[in-house]
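Consider the two complexes below, in which chain A is the common component and chain B and chain C are the respective partners.
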Partner chain A sequence: MSAPQLEIQLIAALVAVACALPGVFLVLRRMAMMSDAISHTVLLGIVLLFFVVRDLESPWLILGAAGMGVLTVVLVEVVNNTGLVKQDAAIGLVFPALFSLAVILISRFASGVHLDTDAVLLGELAFAPFERLTVLGIDLPKAVWVMGGIVLINLSLIAVFYKELKLATFDPALAAALGLAPAALHYGLMTMVSVTAVGAFESVGSVLVVALMVGPAAAARLLTDNLKRMLALSAGLGVVSAIGGYWLARGLDANIAGSMATVTGILFVVVLVLAPERGLVALAQRRARQRWEFAQAMLAIHLLNHEGRPDYDEESKVVHLQEHLRWTPDFAAGVVARALEGELVQHRNGNLELMEAGRELARQRLMH
Partner chain B sequence: MTDLAIEITDLTVAYQDKPVLWDVDLAVPTATLMAIVGPNGAGKTTLIKAVLGLVKSAAGQVLIHGKAYAEQRHLVGYVPQRGSVDWDFPTSVLDVVTMGRYGELGWFKRPGKTEREAALEALAQVGMADYASRQISQLSGGQQQRTFLARALVQNAQLYFMDEPFQGVDATTERAIVDILKSLRAAGKTVVAVHHDLQTVPEYFDWVTLLNVRRIASGPVAEAFTEENLRLAYGGRVAFLSPHQHAPSEPAGGG
Partner chain C sequence: MDFGTLFANLFLDYTVRTIALGTAVLGVVSGALGSFALLRRQSLLGDALSHAALPGVALAFLFTGSKTPITLMLGAAAAGVLAILAILGITRATRLKEDTALALVLSTFFGFGLMLLTYLQRNPDARQAGLTSFLFGQAATLLERDVRLMAIFGGLALLVLALFWKEFKLLSFDRDFGDSVGLPMHRLDILLTSLLVVAVVIGLQAVGVVLMSAMLVAPGAAARQWTDRLDRMVLLAGVFGALAGVAGALASSMGRGLSTGPIIVLAASVIALVSLLFAPNRGVLAAWLRRRRNQRRLLANQVLADLYRLGQQHADPQTAHSRAALRVMAFGAAGVSNTLNALEKRGLVQARPDDHWALTAAGTQAAESHLEDVAAEEDR
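What follows is the complex of A and B.
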């Protein structure tokens, strides 16, 4: 591998981690679509600040963009608070307005500069290694410094405010009652998302920002019930998507950012299907197991109900289960076989008889 | 004055121009269990939220043990409605209970052994010791309510606000919660609870506030919980079985 190839993958991985960390909180707060809005409207911030400073390299652009991200959140809340429009619609109203304003401004007044709308959507990761910056004698692509810095900032903010972010996300009312300013944390988080979006979007474009904020976090949620592990998994899955996407792009000779987003999507589907406890396969297995368990409990309760009654002989014959419980012959045979194997029932003179475990099961199930 | 746990004067809360609470005065003595009752939309939850500063009041003053809430946060515990949080959040029962200590810890400090032990003790108090490491999405409604109660207990407050602590719990849990409320009162603490079951008011509480946007009545159950006041609060929607204290519960539940 050549140095630029390694550098591209490094940038992609840093972008993925930077996005995947705040993405966890967006997903848990059911604000995933806010990342879509912010990653587009930051462009307006960049354009407006560019008109002021006339320099695309200026760090002021990041501040302006972050401010526009927060303004997007505020505007969505204002529209939502009128009570006339729901939040999803409010997002759909606010961000296209701000984004299209940016597009018009660029095409009308800034068409000569390096600010084109294609790059906004998909980024220019392949060219990122050409733009270099030497810090402390180390020569690396500028994007590595920028995204590395954003990863560090996001990591330290989440580490320092972990407890507060957790409470403000789980129970904002208690957070407010305890004086742990959930509103300030909310806007702090939105600022983090905005800064991340600006940094990331230069390299990978706004579409991938959304994919990397939502995809890895949503997949991580399916893999763990622990917030810290969810953060780590989200970052890890982000890195896998980034590196995997790079190699997919090479294999297909396609756009890197697009390939990364594709791998993010594929990874999510794989997790959705195969996640150990929450995945679709695990779910189907659990349902099937529960169906058999429930049927065995039904059988035990049925036998218990008729125990000692004159109709017991009649009711406890396997063939009668089909008729009385309306089970198909195959299903009845399956249930009886499992109940026999689990020593819930035993055969006696052609009838089924409850064993101690079966009687206990029936009693337990009847109590609940 | 300081033997009053809560002193509310002229509290008015409005959403846009629609008043939700209209000029409410309230004085609750220390070491009482007070029920807030009233029909749906009477402003019961809003009253608690206004006291805790969670909704803005248009007018009025609230004193907690003689001072403003912001100065007395550490004295106040809060049990929100069970349905107000996402029980699918990735965390454990112990972690949720530990959150009750976050106020005392303040910013930046992390919960440690002391907090964990306090949380385990509170879980034992509510009969949930075996569930500490359980994922919260696996809890039943009653267990969720007990978890919330344990979280309030670790706040080690003097005054507790509970929004429908009996909502959706079974008889055993209800009994257990009542016992805990009574032990809080025995320890000199004050509890204010939004309550829906009118029948159990005299049995569970010793003080009651009847609310319907305005304060209809407030005082010891024997004085304030009268047929006439109930009729004023519920607007004749309550049919009375006996003329004294045993009114049936209101027709519909909810906020």
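What follows is the complex of A and C.
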């Protein structure tokens, strides 16, 4: 692997981690679509600031764009607070308008200055290693420094305000009652999302920002109930998507950001199907197990009901179960086989007879 | 090019007329269908659907090698339906919420589409197909047969809307009642949501997948402010959508390779903004004026009542009192001075020397009737 290839993967991994961390809180706080809005409108911030400073390298662009991200949140709230449209419509009104404005401004006044609308969506990760910056004598792509810095900022902010964020996310009422200023936390989080979106935007484009913020966090949400573990898993899954996406893009000679989003989606589907407790397979298995367990309990209760009664001989024949409990022959055979194996019942003279464990199970179920 | 020529072109120039007709169709259909999405809080679903259409376009081209609009539209529609199913499936089968499902489907589908597009672009045929114009739209590429296709799809969607009008209305406003009278609300829900896909597909060429969502939100949100009736809202949204569409077509005819999507969307956004601000009754300005009028009336009544009560404590009920005293009694509310001037103009109070104010006979009567009203209100 050549140095630029390594560097591209390093940038991709840093972008993934930087996005995945605030993404966890977006998913938990039901604000995932704000990442979509913010990642689009930061473009307007970049364009407007570019007209002022006339320099695409200026750090002011990042600040201005992040400010536009926060302004988007404010505007959505202003529109929402008029009570004239619902929140979803407020988001749907504000960000396409700002984004359209940005696209028009670029194509009218800023075309040919390395700001073009395709790059906005696609990102330019493949070219990232060419733009270099030497800090403390270490020569690395500029994007490594920028995204590395954003990862550090996000990590330390989450570490410092961990308790507050956790409480405000899971119990906003209590957080407010304890004087935690949920509004300040909300805007803090939105600022974090905005800064991250701006940093990531240059490398991977706006839509991958959404994929990397929401995809790994959503998958992590299916894997754990623990917030710290969710943060770690989200970051880990993000890195896997980033590296996997890079190699997919190389294999197909396609766009890296698009491939990373694709791998994010594939990873989510894999987790959705295979997650140990909440995955679709686990869910189906649990349902099947519950069905068998329920049927065995039915069998035990049935036998207990007829124990010592004149019709016991009749009722305890396997054939009879099909009629009385309306089980298909296969299902009845399956239930009996499982019950025999679990020593709930035993065969005696062609009849089924409850064993101690079976009697206990039937009594227990009847008590509930 | 000045506006006169622009409008002349709209009616006389064949190409411009075709494009304008196409974008108008798109505006009418998305406005009408978007109105329902707005009322059903599905505004962001449109966003997800339009982004999700991209891989459908790319795959349709990949498998058929054809770039005719009908092929690409069908591909987009299939991807849109798949996206709806994915979003519904994720919210049902997992504990993830709708916003997460939307953002997830939107970004991964779109990313997949971008990957396919860039993959296809290695092949020069595809580059010529101009598939990237589906991102931000190029109305200039609309031909008469495209417009005819859009009109057929859109007409069918509007026809379904008209046929199931009552059912859809019930679905949007009182779903439980619909359930209780035995209507298949779930199936109607899926039908109405699928119609959104039609709107997205119609908008592909002119607006593009990135901004199509705005055409489903803005005209409806604008129309909602002018009326409380569903039929009028849907009609108005169609008109607003068409206006925005034609504006985009005109801008496109000015050349310069401007993408039409952002222009159409900006036009629709301006219509929405104007409606939010200036619509009678519901608009921000109307609400502000109403609030101010109410505040003024309340303060006027308060000052009249205060003067009256003060007067009761004197032999002459029309004794004058200082402005400062009135201000204190109104809890220092701003505008006591303005109120006194206004009341003086109406002949209810009169100024006396030393900035003192007294009720006139008419003012006494007005104060009495106001206090009676208040007492009656309290009795109730």
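The definition used in the following text is that the second predicted complex is superposed on the first by the 358 of 368 C-alpha atoms of A that agree within 3 Å, B and C clash if a C-alpha of one lies under 4 Å from a C-alpha of the other, contacts with A are read in each partner's own complex, and residues count from 1 in each chain.
In the analysis below, a residue touches a chain if its C-beta (ideal position, glycine included) is under 8 Å from a C-beta of that chain, and two chains touch if they have at least 3 such contacts.
Since we're looking at a predicted model, the values are computed, not measured.
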item	value
Which superposed partner A:V74 touches (first chain B, second chain C, both, neither)	neither
Partner chain(s) touched by A:S100 [first = chain B, second = chain C, both, neither]	second
Touching partner for A:G215 - first (chain B), second (chain C), both, neither	second
Residue contacts on chain A - larger count, chain B or chain C	C
First, second, both or neither for A:A337, with chain B first and chain C second	neither
First (chain B), second (chain C), both or neither touched by A:A32	second
Which of chain B and chain C A:A183 touches, first, second, both or neither	neither
First, second, both or neither for A:N255, with chain B first and chain C second	second
Footprint overlap on chain A, comparing chain B with chain C	221
Chain A partner contacts - residues on chain B that touch it in the complex	49, 52-54, 70, 73, 76, 78, 80, 84-86, 89-92, 96, 99, 102-103, 105, 107-108, 110-111, 135, 137, 151
Touching residues on chain A, where the partner in the complex is chain B	28, 160-164, 166-167, 169-171, 173-180, 221, 224-227, 230
Chain A partner contacts - residues on chain C that touch it in the complex	38, 41-44, 46-47, 51, 90, 93-97, 99-100, 102-104, 106-119, 122, 132, 135-136, 210-211, 213-214, 216-218, 220-221, 224-225, 256-259, 261-263, 265-266, 269, 272-273, 276, 282-284, 287
Contact footprint of chain C on chain A as seen in their complex	27, 30-33, 35-36, 79, 82, 84-86, 88-89, 91-93, 96-97, 99-101, 103-104, 107-108, 117-118, 121-122, 207-208, 210-211, 213-215, 217-218, 221-222, 248-249, 252-255, 257-262, 264-265, 268, 272, 278, 280, 283
